[in-house]
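Quick notes on the structure that follows.
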Amino acid sequence: DSVRIGLVVKALGIGFFEAANEGAQEAAKELGDVEVIYTGPTSTTAEGQIEVINSLIAQKVDAIAVSANDTDALVPILKKAQQRGIKVVSWDSGVAPDGRQVHLNPSSNALIGEMNVKLAAEAVLASGAEQGDIAILSATPTSTNQNIWIDEMKKVLPQYPNLNLVTTVYGDDLADKSYRETVGLLKSYPNLKAIVSPTSVGIVAAAQAVHDQGRAGEVFVTGLGLPSELAGHVDSGVVKSFAIWNPIDLGYAATMISYNLVKGSATDSSVGMGRIGTASLDADGSAAMAEPFIYNASNVHAFADIF
Amino acid sequence: MSDSNPLFSLRGVSKSFPGVKALDQVQLDLYPGQVTALIGENGAGKSTLVKTMTGIYQPDAGELRFRGEAICLDTPDAARQLGITAIHQETVLFDELSVTENIFAGHYLTKGRFKQLDWDAMHARAGQILQDIEAPVDPQTRLKYLSIGQRHMVAIARALSFDAQVVILDEPTAALSHHEIEELYAIVRRLKQAGCAIMFISHKFDEIFAIADRYTVFRDGCYVGDGRIDEIDEAGLVTLMVGRTVEQVYPKASAEIGDTVLQVKQLSHPTEFDDISFELRQGEILGFYGLVGAGRTELMQALFGVSKGVQGRVEVGQQRVDIRSPADAIKAGIVYVPEERQAQGTVQEMSIFQNISLPQLSQINRSGWLNEEAEYALADTYASRLQVKAPDWREKVGNLSGGNQQKVVIGKWLATQPRVIILDEPTKGIDIGSKAAVHAFMSELVQEGLAVIMVSSELPEVMGMADRIIIMHEGQAVSEVARHEFSAERIVSAASGG
Amino acid sequence: MEKIMHKPMATTGLPAIGWSRRLLSWEFFLLLMTAVVFGLNSLASPYFLDPWNLSDATFNFVEKAVVALPLAMLIICREIDLSVASIIALASAAMGFAAQAGAGTELIVLAGLGVGLLCGLVNGLLVTRFEIPSIVVTIGTMSLFRGLTYILLGDTVLKDYPESFAYLGQGYVYWVFSFEFVLFGVLALLFYGLLHRTNFGRRTYAIGNNPTAAFYSGINVARHRLILFVLVGLVSGLASVLLTSRLGSTRPTIALGWELSIITMVVLGGVSIMGGAGTILGVVIAVFLMGLVTFGLGLLNVPGIVMSIIIGAMLIGVIATPVLLKKFKGRKSAP
Amino acid sequence: MKKMLQNREILLAVLILAMILLVGMITPDFLLPSNLLAVYNDTSILIILALGQMLVILTRCIDLSVAANLALTGMVVAMLNSAYPALPVPLLMAAGALLGLLLGIVNGALVWKLGIPAIVVTLGTMSIYRGLVFLLSDGAWVNAHEMSASFVSIPRATVLGLPVLAWVSVLVIVIMVHFTRQRRLGREIYAAGNNPTAAFYTGIQVGRLQFVAFSISGLLAGLCGYLWVSRYAVAYVDVAAGFELQVIAACVIGGVSIMGGIGTVQGCVLGALFLGVINNALPVLGVSPFWQMAISGAVIVIAVIANSRAERKVGRIILKKAALHAG
């Protein structure tokens, strides 16, 4: 009997998660006795995810690996899943400890925050200035991941006296709103040198807006995004560099962790992630996968075909 | 005269509505250069025929011939293509559009290769037509700012804007003043000279004898006869129309006139009527006469609490009442049988008993829970008394004939045991049987001590039924006549503002 | 005359009221579809016929279904409320703050219901006082109420709900019957009674069929509509209680986009969007039909967006079927 | 009424100007002509869609499927472009418009031929069209670098100081003004919405005009599909999610009556601009993102109340003296 793992994403139709699915399928093939059910709601809502999880519970899957739209709202349903003997892993975007056994961060949150600031500093330098204003374009004001990372960024910022964070705006992960917010930033802050967008919809829209406003070369966009979505903007020079962890690895690791939990081959402090290595778990069951990887003109096209 | 061939003729035309056979194998001939009067009681099927002749309704059976050829008028457009045009009884126009556009909707004038609308030409032409019929209306104003009379003139102007072969006028004079009626006659004569075939529908015999060359009579949806107007007199027409002698039509019974039940003092509305005072006694039938659009309906609706912004004083049985909604009026004992039966009087999708119990659900079902037996019993009392013809009081009101629907509305109000009942055009568009029943019933009501207000645009009806008549003109009560002073000339001239 | 009046009437054993006769057949049609879907589901997935699974599936739609009941009445009365989902969000925020302030379950529930009621009152007053079409008003308040939720909550999560609060959205009354589900059953009965067995319900139909005639019959149409708006608000508040308890937390995005699926349930249930027709039974069957379709497809791991194609097509198809049948019949009987 | 209606539109225009000045007082750069043009440009798509929606609302219907239509046509056009970069852009635009027209025709035919209420039809097609985007793209995005250079650059190319995108909307406005004033079909749409019975009596087929309105709305949505996708240089399933409500709100603010028959192109454009200015001003003013939704909701409610006053039926005027006052 094969192990069935439900891979639940924030919403279907997002490149990042499609890539994660590829990784999960790779893990399934490697393990042989695993069936991955890739699923998710239509839009990024907790209610939609609960519906999907409900049907996974009904199918009596062995494990659920979820990237949550809401840290807390999924807890009751995931508790129920655990009561029915289903192992629960959250990955990418976490669930409160009550709702899952293990959480796999793509990287440590502190590291991501630091990385984003570092990229911003590089962008400011690239614009030829010694110091300058930066702004953050986030997803929705309620996005868990983004909020944690922004907090981490703010912690690191004092170490970069040449960076002046002017504001944080929200594009709600909608292309048009993100675009408009970016235009607003460019208008309101003439000294802006860099826009950091730790969300893949936002970074693309911001890059397009900066380009359309004719500010390429003056203002740089950076943050977290996918090579396939940003390759064009790297070419056009609006984006100098950006970071992302490898979503394929992330999906792969989440699947491996789920499998190991099902097979009982995990301890309280560590769990295997196949080819990626072993994750060490902290007190509340969180692990970090790897450092974010930086992409720029030199490597973006090589990865654009992959994810 | 009838040696020429008819321009437009109908043979064996039938048309049914749920519950009513509005037209039953009727025939009609219209000749070029002649005016044919179509005569019949309310509900005889005249307007239905007009709609059948203009492609609005499709006949269930029968044949239409135009210049001797069988035609099929499957859309209003098809009728217009042949030059058949009508001024309908209800002016169906566009409130939000300009007068010009109301005249030219559906057959706009265009210019150039790309058929751009030619507004200049349309305004000019509209102005021309309106001037021809002496209707002082600016073609560019929006229709909603016009009075009923002016709207009728616009409807006439619209009919004249076509290159018409057949012109049908369905009670065109009902809303017009003396002067405007004279204008209309002149127009009709001009059309006659131009060789148009004209059909003229009216209830007023003086008009018919003044303008028509021929007549056709319908009764209850059936053709009963036709001929040349100079070969018949009024009595002959009436006999054909009603199938019996005139005296039997209005069963006015004398009732004891008692105390004043309703007193209205200086009732005014900002735009509809002004300074109306009258009183109504127990056992009395008070008639309100006037041209269509004189403001009678508005006044009655004000008494019933429908209109807003009304000022003045209303007393029921010496007690001042403050009527702000129909619920207040019903509580005070004033009920209103509206003119627009389908739109205002009945819930067509509901059953007879549900309609009858509607105003007093809370009285019948005190607990708030429906008690259908009690409702049914109440409905049974009144519907039986009014002789509503239906297999069962559970029948949908929408399936009843107009007359029976009217009886349901009256029954609904009687069930509330009112003191004053207002009947607005109570016999409009109902068949002759129901009409007589309504009249007989009015007599019964006053004998039982109710007070009745009857609004009617039919002179014989008000004169036949009322004890007193108040005549309204342009929102004012211009005259009041008691039964012994009734004279048709006096009433009509007061109504026309004379 | 006689021959017209005594035309044979179709008097069946059912109450001889035209619309209810029509609707009964509509409900039969829905029931048939539900049975078919049930059958197909049990064939398609081995997991379908499991009491616990079916019970779990009900959580996906009961909160929406609860709101569908009063909304059906409102739509029968020729009005509509697009702001229900936003009311749920605002009520949830109120409950969150109540919980944060240390209120007990009763008080929290009261806060939710109270805010729902107030929102309904706002809608109702705007519609009846200013005589604005409700679709326009509630497009505005839809943004307004959710906007207020954003202002109140910002990016915070409220989750200090007491233990006992969780029962409302997660507890079971007996065996597989959850509190939510039982509550829905009770409410369905209540609304059935209200719409079909009381004066209030009768007036709702009368207004929906002909507001003018209803007004002329002494019914206070504006007040009636106001009450219905308040009722919709109140029940949205209740749905918010259930949903918040089930999620155990409040965020401004709660119940995002629910209004359209709730309206879909109502319309699918045979309630005429033009007012005047529809039954609670029809809505209840439609709720189960939609629930079964989505759950069945979910078990087959069909993506949600594909389900929405199916629901959309079902909506149009189900409404179009009687029309098409009539057309077809009409054509056949014509000479 | 003419006077009053003009007043309402002037009022709206004055309000928009006041808003712009107010924002300008806080952020002077907002008043730069280039910025105002940019705001107009940003509102272009909303204007185009609102004009299509206006026609539908005039006939007493509503089109909830415009945004889904836009997403579907946008995706198809983007996928065509990425698969066959050689296809000339005007051809793609035409294809988008044509596909949009087709989707509009589906709505219109269901309303006309089957007599299903428009809100039910478009509630259904809204889900269906949006779902089709997913089926078609398999959930994948079409990204900037997969689009040809001309595909992305044409709407931003500046002609006579204005981007092509803005020119397109200007063109649509001009055509719509002509259509609603000088074309028979356009006038008949007003007549049909104002009084369907009277329209029928005059030989105007109400159902056919509803069909026409839906078709035009679909066509414009299809056109916007290309414009949107190229403007944001990305196509995905959720493109313009929820945008239909903004479009309807623009109409309502602009004085288009949901009861049909009333509404003008200029009013509708102003309504869209009103929303456009708010949308663009809020980020510039640095208004807390949490306030933005409530503000636009409040604005809609207030605008609607104001319109309801202006639109109130005058009724008949029987008294001569009252008629003088009203005249």
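Chains: A, B, C and D, in written order; residue numbering restarts at 1 for each.
As a convention for this text, a contact is a pair of C-beta atoms (placed from the backbone, for glycine too) under 8 Å apart; a residue touches a chain by one contact, two chains touch by 3 or more.
The shown structure was predicted, so the numbers you read here are calculated from the model rather than taken from an experiment.
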{"item": "Chain D reached from chain B - shortest hop count over touching chains", "value": "1"}
{"item": "Centroid comparison with chain D (C-alpha atoms), farthest chain", "value": "B"}
{"item": "Of A-D and C-D, pair with higher C-beta contact tally", "value": "C-D"}
{"item": "For chain C paired with chain D, centre-to-centre distance based on mean C-alpha positions, whole Å", "value": "30"}
{"item": "Rounded Å distance between chain A and chain D, as computed from the means of their C-alpha atoms", "value": "35"}
{"item": "Distance from the mean Cα position of chain C to that of chain B, given in whole angstrom", "value": "43"}
{"item": "Distance from chain B to chain A - Cα centre to Cα centre, in angstrom", "value": "73"}
{"item": "Touching two or more other chains - residue numbers and ranges from chain D", "value": "134, 139, 237, 289-290"}
{"item": "Set of chain C residues in contact with two or more other chains", "value": "150, 153-154, 257, 303, 305, 308"}
{"item": "Each pair of chains that touches, named by its two labels", "value": "A-C, A-D, B-C, B-D, C-D"}
{"item": "Interfacial residue positions of chain A with respect to chain C in the complex", "value": "12-13, 37, 39-43, 45-48, 50-52, 54-55, 57-60, 70-73, 75-76, 80, 140-142, 147"}
{"item": "Contacting residues of chain D [partner chain C, same complex]", "value": "62, 110, 114-117, 119-121, 123-128, 130-132, 134-135, 139, 237, 242, 245, 248-249, 252, 258-259, 288-298, 300-301, 304-305, 308-309, 312"}
{"item": "Footprint of chain D on chain C - complex, ascending", "value": "126, 130-133, 135-137, 139-148, 150-151, 153-154, 257, 260, 263-264, 267, 273-274, 303, 305-306, 308-309, 311-313, 315-316, 319-320, 323-324"}
{"item": "Residues on chain B engaged by chain C in the complex (per definition of touch)", "value": "19-21, 220, 304, 306, 325-327, 329-330, 336, 338, 343-351, 354, 358-359, 361-362, 365, 368-370, 389-392, 394-396, 398-399, 401, 404, 412, 431, 433"}
{"item": "Interfacial residue positions of chain C with respect to chain B in the complex", "value": "1, 4-7, 9, 11, 15-19, 193, 197-203, 205-206, 209-210, 212-220, 276-277"}
